[in-house]
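Shared chain: subunit A. Partners: subunit B in the first complex, subunit C in the second.
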Partner chain A sequence: MLLFLLRRIGVMFVTALCLTLVVFYLTNLPAKLETLAKTQAGSRMTDEEVARWIDRNGYGSPVLVRYGEWLGVLPGWVREADDGTVTGRCVALRDDPAAAGTRCGLLQGEWGFSTRFRDEVASVIGARLGATGLLMMWVLIVMVPMALLVGVLAGMREGSRTDRTLSTFAIATTATPEYVSGVLFIALLASSTVGLSPLLVSWGWIDGPVLFQGNARSALDTITLSNFTLPVLTIALYGMGYVARITRASMTEVMTQQYIRTARLKGVSFANIVLKHALRNALIAPFTVIMLQIPWLLNGVVISEVLFSYPGFGWTLYEAAVNNDIELLLASSVVAVIVVLVTQLMSDIGYVYLNPRIRIS
Partner chain B sequence: MKDMIHGSGDVHAAARMYARECTEGKLSRREFLTRATALGVAVPTAYGLLGLAAPEAQAQTPMMGGTLRMQMSIKAQRDPRTWDWSELANACRGWLEYLVDYQRDGTLTPVLLESWEASEDAKTYTLHIRPGVKWNNGDDLTAAHIAHNFERWCDASVEGNSMATRMGSLVEDGAVRAGGLEVVDDLTLRVNLAQPDIALMVSIADYPAAVVHPAFTGDDPVANPIGTGPYLPTSYEPGIGATVVRNADHTWWNEGNGAWLDQIEFVDLGTDPAAWIAAAEAGEIDLNYQAQGDIIDIFDAIGMPRSEAVTAATIAVRFNQDSEPYNNRDVRRALQMAVNNAIVLELGYNDLGTVAENHHVCPIHPEYAQLPALSVDGAAARAAVEAAGLGDYEFELISIDEPWQAETCDAVAAQVRDAGINIARTILPGATFWNDWTKYPWSATEWNMRPLGVQVLNLAYRSGVPWNETAFSNAEFDGLLDQANGIADADARRTVMQRLEEIMQEEGVMIQPYWRSIFRNARPDVHGAEMHPTFVVDYVNYWKS
Partner chain C sequence: MEPLSWLEILARAAQQLLPVWIALVVTFALSIRFKRKLGLYGKLFDSNVGMIGFAIVMFWLFTAFFADLIITHDPLAQVSRMRNVVPGTPLPRPDALYPYYLFGGDSLARDVFSRMVMGAREVLRIAPFAAMISFMIGISLGLPAGYFGGKLDTGLTFLANLVLAFPVILLFFLLVAPEIQDTLIPVVMAGVLFLVPILFATVLLNSRFFTQPAKRNLYVGIILVIGVWAYAGLVFDADPSGLWSMSPNLLNVFVAVVFVNAPTVFRIVRGITLDIKTRDYVAAAQTRGEGPWYIMLWEILPNARGPLIVDFCLRIGYTTILLGTLGFFGLGVSPESPDWGSTINAGRRLLTVYPHPALVPALSLMSLVLGLNLLADGLREESLKD
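The block that comes next holds the complex of A and B.
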């Protein structure tokens, strides 16, 4: 078990290293650095000014050297101006001129500085991950029970009318990407001129102009049914259909097993067969899928957080990418790698408890 | 009221002449007001020269209190003189004030100045600083502080310092020219220019000219908010929003004439207008920053009526004369000839503006000279392109992905195509577009308005200036422009301007299809927040009922 864990964590480090190297290289292409200079110091700068800015702000040294600085294996850049003021990577990060020339990278616990948000990367990522954590929690609370219920109901009797109806629903939701369903929801439920809201208002059923808010910015302060329903629903429905399909497939397979037939012949009631005999076995496959679904949901989070302007991790990733915020993008990729591998680890360990035939050596 | 409030009892001779022109109908009232106030004539006096009373600023009595929420993009702050977006300035207008403000009606209002005078030759400006103005750290505002700001503006060694170009004739070797600034006494500063410059006063009304305290050294006016205004920032998160609240510990010089709102919240909802509408529907914003195209109508429909500002803002579908095949004047002129600007206005901008004439001088500019109408002839355009040996050449027109700009370029391209000339369209995302905006062979650039016609010509078409995206370099043009910069008299300047406009057209510098009107939507209970021609969000004067 320990060996397995160690191996997994080792894989995590190697993956993170490779991924950050690729991201670092791509965000440090000369054209990208020019974008950065222009977003930082004026979009209408001349080429000489750009070159001067890049040089003065420590982006002039070779890519690998700067990657080393970011990792913390090489000392950060230092520059002394004509009037004797010392600037440098560590001076800015630690706010202390004495830190010039020391190592201040990931290994020293410094995640760097976000050029887009003008703040420490660690605090930006921390705040945004918290916001996304809340979103994901609500997504899972809505998605998992709904998916399992739909899947189990559909898989109980293969080919029945319930099965056909629920399967159609599941396929429809999973075939509709977030950027389609999100826009549909906004048009149907969050507009005072089209969709359901004007009807409900004219019937006097709702007080405000709209049923749900098509913008989740206020959820940053307080989460309400009104401002959080649509983003949660948008992400949850997409994952829901997929998990429901897996649950149904697993359930139908279990329901054809010999021991279920035996139980039936013995006269056990259908409800008991489903709840006591079939359910646990049928949930093994969906469990893994749900775990794998979490990193996959991070995709959906990017789209729907931007769509509903909810400043979470996905929104931050988008903003960092658009503004070529190098250190924020690197930190985001490290977080993404950790999320993927930790959920995989959890699914592997959980699997052992659900399925006694499997053992981690 | 005595004229003495602006230092000298005499009204500038040119201002009297403008008043005569205005009553004779040669000048519109707006043009008159811009020019007269730029010469140091106080607004009531300027109206008085026309025999009118200055209009009351507010018809209703403003109410104190309330929180205003406005959709506006919040970008990472930096040194004010390097600001390249009006939004950066707007967020800080509550504590960083200006020497003078450019008003919606085209006048200049003194803010930190009490008055100013220009010499006859427009080479010497005497600035009278308003007495009794205090910084919010308790210091008094003095002429030395203003001189310090002029020095900052003239420092061309700072990357991206756009004030250095605006200060033009005050800058020598990347700094203030020797003897350029003269602190006469605590409240008087004299500015001595090398060349006459009639645009100095409107330049210091421009958004990067925010007046900062001498103690301000960093690049973040939010982290270090020493200013003279009545508000202070309490939060500022790029991409998310900013909050500004009334500063209870500071006595503002204009107490009682503004600072009505308790708090202003700027909400950054990204660039997708659909998100702004969703937020408006959800009751999360009271007004938007700027609405464009169909979005204006949608906001109208959900109970947020529009306000309009007629501007000299425009889009320049310009050629870069350093690039093949646009180094050939005949090609540039042929492409111009293929395009009917009125159709571009209709298809590309929903007719929300007025047709322009490819020379970047607007009818609302004081020195605008009427030229003969442009001719449109697709067949002749095709013939000229063939004569240049480019019959099979595929032209490429680049634009940013902003809808109205892309649609405008589409309308240009469609007409070029109709003339039988091959053309491809490329749309670049905003993040990459600005990397090379001065270098694209043929692309469209948005230009905000400047109050005087000579200003944009100085900024964008003089040989070798940083924002010269057309690579236009013409000795006759530069010479005439220098000449125009020193002529305070409108008619005299207009004759020079006419030739400048003609050169722009003859050289086929660009297709400049229309002047934009700009729009803002606000809830009916928001007052004083009408759209401003230069996108000023002067929330100090906004109020809610």
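The block that comes next holds the complex of A and C.
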């Protein structure tokens, strides 16, 4: 088991290294650097000024060298101006001229500086991750029980009318990507001129102009039902269908097992069979899928946070990508990769614990 | 003129879609008449779910095909005083134009109905082909990985996992950008990705007919001529006849979507191959002395077709969603493009006041993907019945 863990963590490191190298290369293409220079220092720069800006801000050295600097295995760049002031990667990061020429990268705990938010990457990412953590927590709280309920109800009597209805519902949710369901929700529930809200207002059922808000920015201060429901539902709905279908498949398989038939012949009531005999075994597969679903939710998080302008991790990723904020984008991809790989690892380990028949050798 | 009521709008939209209804009726009548002779496709008509899914998919396919007949206005033309108008509004001065905006106008005073119809063409021009190329790549790499195992398998699986560990949206932002189009990256990636289908077809035919050189030379020759012709046109935009060509924009989008999809297909094919290679008929072929590529392509692949066909339908749907995501973030499409993703994106700014410009493409995209998913479900059910 320990060996397995060590090997998985080793693979994780190699994957993360390869991925960050790809991101680094693609964000440091000459054309992208030019765009960055123009957004940072004025869009009317001549080619010569752009070249000077790139050189002055330390983007001039070869990509691999700068990747090493970012990782912290090579000393950061140093540049001495004509009047004797020293600038450099570490000088800017640590705010200390003496730090010039030392190593300051990921290994030293320095995540770099965000050109978009003009702040330390670590503090930007930290704050946004907290906001997204809350969002994800509510998404999971809504999604998992709903998906399991739908799956179990559909799977306990295969082919029944309940099964047909719930399966179709599950298929429909997998066909509704976040940008579609988000738009539908806003038009239906968060508009003061169309949808349900004007109707409810005229009946006097709600106080405000709309039932739910289409903008979740206020959720940063206080989370209320009104500002958080739509983003959470939008993400949860798309992920739900898939988990529900896996649960249903797993449940139908368990219900055909010998021990279920034995229990039935013994005269155990149907509710007891489902709750005590079938459920535990049927939930092994969905557990794995739920863990693997978390990285997929990241897509939904980006779309939903952009759509509802909720400044979390997804929104930050979007802003960083649009503005080619290299170090913020790298940090975001590191976080995203860690989420993907850790959830994979957890699903493997959880699978072994839930299913004693499987042993990792 | 009076604005149309909802019933009139629906009636007129249905009338515009007349070619689609005729084509649908003909398809269904012929298919149900001959369903016993049509194999898996025929059996689809025994399942209600499959039939509904098939009908939705064919609806959009025919809509895309007959788009020129269906549209009421030029999808890019702007008519003054028709900005954000509600569905069924008459034109102030119709002259020779169609007198109504059936599904209303968007924020640039263009006809939402015509843009929806042309959007179907945009989506269906890319999604099935991107899914097909992803499948060929996934199959060409997944079969040997599963069959030979060993170092090849380890390496390819690591690469696939690497791509899958990328958040899709980050990959899109990195790969689909105007700056990237100026570099060689899309061309190189397309060069590698499009080479695989040609190799696949060549090896497929060669492994089958290498004992009959005359036939082999003919078939492989035809494939190579067509393949190289299409390859030159698609990758280097160097087709003299102009039949095969892709704008740099489109090529960029295509490559990114294939790149995201192929690793998943690879994993599925590899898994199925690992299962099937232990079967007796594979052992029989090995004893006969067949080559590894013959066994992979003519023994294992045909027996893996059930799950692969089902996944193909799902994959087209997923590709449609990915294309919508690209459009939603304004990546890789021209701002005027009527594709559904960018129309949703354009409509979401005024969503709470004028929902129809975003709702129409949103519902269209949803119904197409739902149709594909139902079709896949029906196919799965019917293929399990044997």
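Here, the second predicted complex is superposed on the first by the 360 of 361 C-alpha atoms of A that agree within 3 Å, B and C clash if a C-alpha of one lies under 4 Å from a C-alpha of the other, contacts with A are read in each partner's own complex, and residues count from 1 in each chain.
Everything below uses one rule, namely that contacts are C-beta pairs under 8 Å (C-beta built on N, C-alpha and C of every residue); 3 or more make two chains touch, one makes a residue touch a chain.
None of these values were measured; they are calculated from a predicted model.
Residue contacts after overlaying the shared chain place A:Arg8 against neither subunit B nor subunit C.
Shared-chain residue A:Tyr179: touches subunit C; no touch with subunit B. Using the contact criterion defined above for the overlaid structures, shared-chain residue A:Ser192 touches subunit B and also reaches subunit C. Contact with subunit B, but none with subunit C, is seen for A:Arg118 once the two complexes are overlaid on the shared chain.
By the document's definition of touching, neither partner reaches A:Arg79: not subunit B, not subunit C. By the touch criterion defined above, A:Pro209 reaches subunit B but does not reach subunit C. Legend: residue contacts after superposition of the two complexes on their common chain; A:Leu307 is shown touching both subunit B and subunit C.
In the superposed model, A:Thr35 makes contact with both subunit B and subunit C. In the superposition on chain A, contact is made by A:Ile171 with subunit C only, not with subunit B. Across the two superposed structures, the residue set of subunit A contacted by subunit B and also by subunit C is 31, 34-35, 183, 186, 190-193, 214, 306-307, 322. Note for the complex: subunit A touches subunit C at residues 11, 15, 18-19, 22-23, 26-27, 29, 31-32, 34-35, 167-168, 171-172, 174-177, 179-180, 183-184, 186-187, 190-195, 214, 295, 298-299, 302-303, 306-307, 317-318, 321-322, 329, 332-333, 336-337, 340-341. The residues of subunit B lying in touch with subunit A in their complex are 76-78, 82-85, 159-160, 162, 220, 237-241, 267, 269-270, 274-275, 277-279, 281-284, 298, 301-302, 429, 431-432, 434-435, 437-438, 466-467. Put simply, subunit C touches subunit A in their complex at residues 49, 158, 161-162, 164-170, 173-175, 177, 179-180, 182-183, 185, 317, 321, 324-325, 328-329, 341, 344-345, 347-348, 351-353, 355, 358-359, 362-363, 365-366, 369-370, 372-374, 377. Those residues of subunit A whose C-beta lies close enough to touch subunit B in the complex are 31, 34-35, 38-46, 49-50, 52-53, 115-118, 183, 186, 190-193, 208-210, 213-215, 217-218, 220, 226-227, 306-309, 311, 319, 322-324.
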